[in-house]
Amino acid sequence: MTDFQCTLLTGAAGALGTQLRQSGTKLGKTVRLSDRRPCENLEAHEEDFPLDLSDFEAVSKAVKGCDAIVHMGGQPLEGPWETILNSNIVGGYNIYEAARQHGVKRIVYASSVHAIGYYERTETIDGTVPTRPDSLYGVSKTFVENLARYYFDKFGIETVCIRIGSSFPEPTDRRHLITWLSYADCRQLVEKCLSAPRVGFMIAYGMSNNSEAFWDNRTAAVLGYKPQDSADDYREKVFASTTQGDPNDPAVRFQGGSFCAAGHFEDEKK
Amino acid sequence: MTDFQCTLLTGAAGALGTQLRQSGTKLGKTVRLSDRRPCENLEAHEEDFPLDLSDFEAVSKAVKGCDAIVHMGGQPLEGPWETILNSNIVGGYNIYEAARQHGVKRIVYASSVHAIGYYERTETIDGTVPTRPDSLYGVSKTFVENLARYYFDKFGIETVCIRIGSSFPEPTDRRHLITWLSYADCRQLVEKCLSAPRVGFMIAYGMSNNSEAFWDNRTAAVLGYKPQDSADDYREKVFASTTQGDPNDPAVRFQGGSFCAAGHFEDEKK
Amino acid sequence: MTDFQCTLLTGAAGALGTQLRQSGTKLGKTVRLSDRRPCENLEAHEEDFPLDLSDFEAVSKAVKGCDAIVHMGGQPLEGPWETILNSNIVGGYNIYEAARQHGVKRIVYASSVHAIGYYERTETIDGTVPTRPDSLYGVSKTFVENLARYYFDKFGIETVCIRIGSSFPEPTDRRHLITWLSYADCRQLVEKCLSAPRVGFMIAYGMSNNSEAFWDNRTAAVLGYKPQDSADDYREKVFASTTQGDPNDPAVRFQGGSFCAAGHFEDEKK
Amino acid sequence: MTDFQCTLLTGAAGALGTQLRQSGTKLGKTVRLSDRRPCENLEAHEEDFPLDLSDFEAVSKAVKGCDAIVHMGGQPLEGPWETILNSNIVGGYNIYEAARQHGVKRIVYASSVHAIGYYERTETIDGTVPTRPDSLYGVSKTFVENLARYYFDKFGIETVCIRIGSSFPEPTDRRHLITWLSYADCRQLVEKCLSAPRVGFMIAYGMSNNSEAFWDNRTAAVLGYKPQDSADDYREKVFASTTQGDPNDPAVRFQGGSFCAAGHFEDEKK
Amino acid sequence: MTDFQCTLLTGAAGALGTQLRQSGTKLGKTVRLSDRRPCENLEAHEEDFPLDLSDFEAVSKAVKGCDAIVHMGGQPLEGPWETILNSNIVGGYNIYEAARQHGVKRIVYASSVHAIGYYERTETIDGTVPTRPDSLYGVSKTFVENLARYYFDKFGIETVCIRIGSSFPEPTDRRHLITWLSYADCRQLVEKCLSAPRVGFMIAYGMSNNSEAFWDNRTAAVLGYKPQDSADDYREKVFASTTQGDPNDPAVRFQGGSFCAAGHFEDEKK
Amino acid sequence: MTDFQCTLLTGAAGALGTQLRQSGTKLGKTVRLSDRRPCENLEAHEEDFPLDLSDFEAVSKAVKGCDAIVHMGGQPLEGPWETILNSNIVGGYNIYEAARQHGVKRIVYASSVHAIGYYERTETIDGTVPTRPDSLYGVSKTFVENLARYYFDKFGIETVCIRIGSSFPEPTDRRHLITWLSYADCRQLVEKCLSAPRVGFMIAYGMSNNSEAFWDNRTAAVLGYKPQDSADDYREKVFASTTQGDPNDPAVRFQGGSFCAAGHFEDEKK
């Protein structure tokens, strides 16, 4: 349903990237795949552009000729500062600056719950609250969100930042009953970000149709995202296999879960 | 389900008026029809009062004896200032002032998306935001909304202003996937406005159960409106028959659609 | 699904208390019942502790050994000041202070629509608006809500205050079409309050899945409450057996219904 | 301090118009005066264009050649509908449409407290709250505010709507202790509206530096308005010459004062 | 400047009560003094009604004939539950119920910072935020605020609740640089509460003109309160005689200061 | 007035750094100066630690032994990405991570208007609105604000981010009439950030007492900042030496001024 001619999908060999390839031409008439390693089993509409996000020239080459980007690549969880810096911060800049130079019109960015992880589980937030990252990883997500805002305000490149909760095959802990985003719903949400007539700069939360919720997604309702799956179906199974936990444990108390309970990555390593 | 004895339906020969006649005695035990031309095929509970809304005496005569009014009449889209002035502004005043003189208790007013057409498609608004009309037509809708507010605050006449999106047989462009109000849902909404125990002064948005939305209708939830139709059912058909459009085109960018892209009516004529 | 070892249920012989006993061990592995009169037909997991809420020693004895309390007890509607004072205010203090002394972790409190009864029917409110009680009964509900807030902020005892609308077998007047909470939904809501990993201090509204609504329950969405019943199913029946009423009657105009139309209890008695 | 070449001042022979003439070339290098009757004692920079606001041709002729308008003209208080309609509604349209046709860049509009008169005295409001007019006069003020919003959103003509409280030589009743706008402060405010680098569409409240206030003017702070007078200086005098009044009298209870206590103009006449 | 005929001042022998007596007939043409002990040095306009607030008959006798009450009496800081209950809760009810029975029109109530003591020092709050009491004393203040709201909504008795910060001869710790209310400003504020034409139900914060502030008093601006003193004048002295403290100490972190650092009164005694 | 033992001042040889050195021991009993070049004319309480902010080891050495940091260093305006990246992003991380490792308690950070530069001049914003950077420089400011939020939420290091407007000897263009922060007021503001008992994580706007304003600094009122200078004193001089400009020029329209009118730095160079 998209009218984009050529869409670059970064992180295409990762868990979510692999899922998104199933969207086929709903991402773009041509889909360029990029990851550090080559992608396998290319379909007719797919092209492979393996690259390191921190290499501007390589990114620029992959972006040239595209009118849309789905940016799922980069370090997907907390890591050493150098990794966060190169993969997510420098990598994020490279994507946006290449997009500007080559006339890309729209970007879908995989932001994260960890951009707002320090809100309490009992707080309901929408996409306009101040960010409260719970990790260097989370800080890097807010960096790209701000970069996206800037590239829209000054250069008109549209972005939807999807703050993805927990996109796994199924929910496995009690917090997932809130944050779970099924693979199918993840695909649908990205497709809707690409088919919407106008997105401007928007922040959407990536969760399935779960009864438990601490996110108010109304500010993104114009996307028409209509989740088909629900963590509710796993509720009894999850309760049976887990215990209640201490409500004062940061992993229980805050939206970011275990990221809030961890110390600084360098300390944790020791 | 209404307890009103006699309800005046203006614009009864128009597209929506004709639909609303199907609500039968849910509008009132007696329903007076009024339009510039006579109405046809009157049911037993219907009476015909053809009139020109700008003629106070005629309006007063039609209102006398009614305890409710469904005001769908007037110029239904942009037009010359003289038409807007006489049909919508003077006409609106005549309706409210006649209602006051004859003790009408409740009015349902067909306001429009064009009262707030200059909000961006990517903004989510409720019924309390400042109005941003997109046309002289839209300005006339805000005029009657303010008149209604005044007649409630001072004289206690209740009004629900329904800001109708796009009430057509089916959605035909991508913006309609948001704004579409099916005829059946339109009827239900008007009926609920009449059966609710108290409405005070209220602004409600008239849309069906569409996944895409830029309106937050919670402030009108007390009406109990529960739309049964959805533009989602037409999504693939609409996408197949239309193209994406330029997100910077005012007709795409703003909630009012093509009204925002048009210039002043007098200029457009030339 | 709860992990609580022992839960005290007050008001266990009342209408809602009796319903909640059907939740069985979802309230706690052991459930202590308390009311002024003894409870009957005890299940294996139930213990009976009849008591007067205004007697601190009795309350303390019943609380000792519990890690959770479902506080449904006290005067359930407007009454003489002495009754409100002793049953609800002193009784509420006794529950919270005993909870503190004995290490109770979580309390579910039966607050009421009458804590916010003076909001207009046409206003949509959430759990953060200033309270507007409609009776001494309502004032006593706000007292316990404040007490709960204090015991959480200073002593870490979690509470969900459920502002219950109208929990009856079925809706019987037009206001109930908004406020009705079915017994099954009431049970589910209380169970969810106990199984949620963290509730902190929270205010939730107790209503079923009714289309008509003046409450916005999003701030309590983290409970995962998913009502299964709806007053909509009774809509035609209720409309058929009632009349519209005067929208300016306080019983129609305000959320608290007939409590808003009543005078002071002492006067009413005369 | 303004850079405007030619400014039209309507209502130039009225009380406020006469005051504003004292601003001299701070309104514009040339100032065109218009009122129904000719203006007297013209200064070198002044030109006289007597006209009837409801006459589009006359208005158009006066506007041609101007780059700014200070629109103080029209019916200045409640009156018969015909007068409100012709002077304020048709007159307002004529001003804006002539401005569009002749390339006027900025308009300062004398709106009024009566556009929001039905807010309670004890409510603090800013320029973004929904309007609540207290009279047909007040409704006409909201009409022009909406017209101004439209002409800015579509045609880029900037407007500051000044909701003037009570601009008299001195406060004479207790409500004036809040609403008073001294003549000097009125002049300063209009001058600031003309010298500000950008005003877009803005609503400002016109009051002096009074300690009592029900308006929050922060949304207009960019004008740099810094009132030099205060109703406080008249407080003792006003209290000595007036009595407290009934707090439930609409004239005391609402921001619009006596306009809220009056009935419909037609009735009042009788 | 007040038009009240007879005003009851409770707590008249306390620190603030003694200060308020200096307002003389600005409180009322006659001022009835009440405290547990007799008041001394009565002026011509003063009458003495010593009483125990928990004794309804005594309160009723003192209230009879008054049209206003300044309620400063009761337990002025944390204490045993029995004292809080009798002096503040029962005492508060007695005042309001006697006021209702005897037609009192307006009450000024000495609420306290401790009604909202658990907001962080770094949060800016106004009078509409949910209460967060920091003590049983604070809970009792929220009880009377709710009682006042109820007596206004149902019976029309107006109240201003003044949340008094720290009213002492001068600020002596760093928190006082925010919360200090000079005696003169306290008098002025109470006088303004009595002379304002309408107060409805209002919450105002009682602080002098201190540069440091965590309260936004705009919602009470209609009182025209204009503080003449400032804790700034004591800033250097206070800094010189105190140390910075631990920002994580509840006494530093929260608005309620040392009340937030204290445990339950019963424990503290031990 | 500060109780800090040793404070690191970065950017100490820059324009604002030089001004802040005049605060003397109000910054700390010892003040360590750091800049890329050595600082001159050291006072008795000053120590010089020249360093490159992108060198973690050097930063760590300078931070060791400090309990506070005033971080004014880094690239002070738009520049090449490499410079922004190394000086502001990596430099910011180095400061916070060194602070964590060495137990620093509080940081004052020189953020900027350019973190929110894309708000319209006619919008009034406070410290809680979403950031809208107007340059890569602005994006780097939002990065450090997010980093600071993270280091407070997880590690308890307090920060005040001061979004500085235009800190120059005097205002020289019309936008400065809003954004000007005199050197003396800048010193006072930084001193207040250090002497406040608790700051948590806070965003304050750095402007003098200018009548024109688009910032609402209430959320930072607890600092007790009381500006002594005003751009108003330069108003006539600035108006005389400048022209009005085009209100649609991004440099006039947006809060960030000329930063909003500039393109990408790399393009601008060409």
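In this document, chain identifiers A, B, C, D, E and F correspond to the written order of the chains, with residue numbering beginning at 1 in each.
By our rule, a residue touches a chain if its C-beta (ideal position, glycine included) is under 8 Å from a C-beta of that chain, and two chains touch if they have at least 3 such contacts.
Please read these numbers as outputs of a predicted model, since none were measured by experiment.
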Going by the stated contact rule, which chains contact subunit B and subunit E alike?
C, D
Using the contact definition given at the top, which chains are in touch with both subunit C and subunit E?
none
Distance between chain centroids, defined by C-alpha means - subunit C, subunit D (Å)
52
Would you kindly tell me how far, in whole Å, the mean C-alpha position of subunit C lies from that of subunit B?
41
Residues within subunit A bordering two or more other chains:
none
Here the pairs of chains that touch are A-B, A-C, A-F, B-C, B-D, C-E, D-E, D-F, E-F
Note which residues of subunit D are touching subunit B in the complex, please.
81, 85, 89-90, 93, 97, 100, 118, 128, 130-136, 138-139, 142-143, 146-147, 149-150, 153-155, 260, 263-264
Quick check on the complex: what are the subunit C residues that touch subunit B?
120-122, 124, 174-175, 177-178, 210-214, 216, 232, 235-236, 239, 243-245, 247-248, 252-253
Which bits of subunit D are touching subunit F when the two form their complex?
1-3, 105, 156, 158, 195-200, 202, 218-219, 221-226
